[in-house]
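Look at the two complexes coming up: chain A is in both, with chain B in one and chain C in the other.
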Partner chain A sequence: MSQLLVQEKEIVVPGETIAEGMDYIPSKGMYRSGEQVKSAHVGLVYIEGKVLKLVPLSGRYLPKRGDSVIAKVTDITMNGWIMDINSAYSAMLPLKDATPEYVEKGADLTKYFTFGDLVFCKISNVTSQNLVDLSLRGPGLRKLNGGRALKIAPSKVPRLVGKQGSMVSMIKKYTQCQIIVGQNGLVWLQGEPEQELLTIDTIRLVEQRSHLSGLTDYISNYLAEKCGPLSDEQHNEQVNDDVQETI
Partner chain B sequence: MHNDVKQHAQKFLQKGLRLDGRTLLDYRSVVVEYGAANGAEGSARVKIGDTEVIVGIKMSVEKPYPDTPDAGCLMVGAELLPLSNPEFESGPPSIDSIELARVVDRGIRESKAVDMKALCITPGEKVWNISVDICPINDDGNLFDAASLGTLVALKDTKLPTYDGKSVDYHTKTSQALPLQKEPIEVTVHKIGKYFIVDPTTEEEGLVDARLTVATMEDGTLCALQKGGNHTVTLQDVETMIDIATAKAHELRKAL
Partner chain C sequence: MYKKRFDGRAFNELRPISAKAGIIKRADGSAMFKIGDTIAYAAVYGPRDLYPKFLKDPEKGILRCNYNMMPFSGSGDRVRPGPSRRSRELSLVIEKALLPVVDLSDFPNSVVDVFIEYPQTDAGSRCAGICAAAMALADAGIAMKDLVVAVSVGRVDDQLVVDLNYDEEAYEDGPVADIPVAMIPSTGEISLLQMDGEVSKEDLLRAIGMMKEVAGKIYDVQKAALKEKYTKGE
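The block that comes next holds the complex of A and B.
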């Protein structure tokens, strides 16, 4: 007889038994030990029917195919760039996936991206050995000029993005900053200095309160207090950004 | 430093702001803790924002230097631990760590903060030696100010161990403190373009053109200076920097 040992949104620690019996299905961040399902992280448990989900409270980013990440150039090779993706594994951006142009053999690749440049790209493949490939082929993927990058816990990214990007587009509307959120916990933003600082404060607030309910309302009140209510014009304005936020 | 970051920071500086939202002459919060390590005769932990430094003081009995037979000795060492900043490497001391130790040393020595003559046990034979060890636990910029503040606090915290004429017993401390006469405080003023800032983060330190470390005493007397960075500073710059440092040192003194 299968039985659940925790409640929805309960905090579990590594090794804690979440459920007993084969009827419950563990997903990422959990493992089966005999008949038991155990947690591998400190996190919150969500129960969706028979499937158990675990949202870790902290931890580094684990690359996943299809994720849009913000990567930083750390090295340049013969045929591409080695990028830091804020993970334990570094990633490779091959030249052929970075530009549609024809590039001469032996050309100077710093012309495209140089050391320290931030690039918004997609993870095209992750091998079993955790070799990560990146690609710039896709809508909105580009080099990020100017601005600055901010680090947040990768586990908090979904809350910052919100449902269909609701949270991030709300922050954009209020602060008039450009914001791009990478799934790897890097956030790039650019705007007027004061607005940018407000954006950072807001993002930190989202991070702090990410486990509480009613977050979107709280943040919208906070922003309305700081910059006054949105004008109709602002309200109807489509957030002008070519990037699609999806989880 | 990456060009984009530099331009971005310039945009902020023009508005009198810093990348973390402070104004140009704002210090981060300063926390001072006396007696951070029990094994040392005196120790301190100083936190300036995310920068954290532990300073320990060891007292030993040594033969004095021949040119000062009736005075104690002061030795300051700093090691930039790789745990505090990924840029630091283990191994022989780097130029930066030597500079850090020497700047801290100069502030204490030239202000005559400790009465060295009072540390003499037998002239020409035995004197107390003060060894100061500076360990950055986390480097988020401004190690100079953190380390010198930590050193001053550790000196104030120091109690001499018992000494019976032959050997030092480190297990029992006496109630005798170091003969502290002055309290020098070092403040480093950094110049980025035409702007002056204090207490930079690591990010900002990468943008700095020139810096000046100024040690001042309670009454505002200067006792040590150290200029760093690749750019030149004019005489007027130096005067402005000293004024800023003196005012800031006054503020820092409240944290003691």
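The block that comes next holds the complex of A and C.
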């Protein structure tokens, strides 16, 4: 007989038995040991019919092709930049994918990006050995000037973005800040200084409460309390940033 | 004859245990594990780029542990800071005790660093370190088959005991054996077994049996501490 040993949204730790019997199917982040399905991470269990899903609550960002990330320049080479993407591996941004301009051989690349610069870019390729290539070709991809950057756990990024970007666009509407969320857990924002601080507080709150239900309502109440209710104008305003967040 | 333990515990009783996950904010994962007067802090960084390059393994990530007792952590004498023969050995055995559960195949060419620090020790430090490190690794989100529990068992004179403290290790009126054991709770596999002293085969087997009986208690503490960190904020 197959039997489930945890409830929906329960927190499990590595080695904890989630279900017994062959009727339940483990997915990523779990493994089968004999008849039992066990967790391999600290995470939340979601039950979808017979398929068990585990959403890890911590962990490093694993680069994936097509992800938009915020990267930081750590080194400059002959033909591009070495970037830190907040993962186990550094990434390469080749010159030819960074600028449409013609660049003379041996030119000084610091005039495009220099050490410490943040760049919003896309992962164009990841090899089996996790060599990561970045690209700036795409809508909204650019160097991030000024503003503030903060790190959140990469596993919480989907919650901060929300369905079709609902959470982040709500925060944008209330605080009038520009926000860019990288899939790697780096968040960049720019706006009025006080609003920036409020945005950071809000993002931290989302991170803290990401596993609880009713998060969107909680955050909208929090923001309404801090900045007053939205005017009609704000309410209907399309957040027309040049950046389209992806989930 | 060792009739009554120095601290009044039963022979199969552990010292009081407490644990906490996520105490070092800058680390990717961290944990504190305290058993009696032995306190271990573990901080995990990574997976991250590994240098020097020749240590890289292109098939899977590597685990690197570092055991360190703080200068003031001993019984009163200053512990000379820096690496020593002893701390090098313990770093290695802790690493070997944890390796069977961690899965770093997703992170080739990288390293997971585990730093274990002791502000206070009273015997059983490698075991406390393993318990703390296992929790810290789980907190860092590294794929693991299970946690690892560890505690020392042994004999003091004619009596088998669990979780020796320093007074018992230093017992002078009879033979003493100190046997640190680490176990993977779900399978009962043993990933660390060392011994200092002398013991008969039968006593060794019985001692390991005693360890298995109390392992569940340690595991429960580790599990509860990890869950507590993530239920915060409700």
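Going forward, the second predicted complex is superposed on the first by the 221 of 247 C-alpha atoms of A that agree within 3 Å, B and C clash if a C-alpha of one lies under 4 Å from a C-alpha of the other, contacts with A are read in each partner's own complex, and residues count from 1 in each chain.
By definition in this document, a residue touches a chain if its C-beta (ideal position, glycine included) is under 8 Å from a C-beta of that chain, and two chains touch if they have at least 3 such contacts.
All values reported here derive from a predicted model rather than from experimental measurement.
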Chain A: partner with more touched residues, chain B or chain C: C
Partner chain in contact with A:94 - chain B first, chain C second, else both or neither: neither
First, second, both or neither for A:212, with chain B first and chain C second: second
Contacts of A:158 with chain B and chain C, given as first, second, both or neither: neither
Partner chain in contact with A:58 - chain B first, chain C second, else both or neither: second
Which of chain B and chain C A:15 touches, first, second, both or neither: second
First (chain B), second (chain C), both or neither touched by A:146: first
Chain B versus chain C as contact partner of A:29, first or second or both or neither: second
Touched partner set for A:40, first chain B, second chain C, both or neither: second
First (chain B), second (chain C), both or neither touched by A:191: neither
Contact residues common to both interfaces of chain A (with chain B and with chain C): none
Contact set on chain A toward chain C in their complex: 11, 13-17, 29, 31, 33, 38, 40-42, 56-60, 62, 88-90, 129-130, 155, 208-209, 211-212
Residues of chain B defined as touching chain A within the complex: 2, 4-5, 7-8, 11-12, 15, 17, 19, 21
Chain A partner contacts - residues on chain C that touch it in the complex: 28-29, 46-49, 58, 61, 101, 103, 106-110, 138-147, 184-187, 222-223, 226-227, 230-234
Complex interface listing, chain A residues touching chain B: 115-117, 145-148, 190, 193-194, 197, 200-201
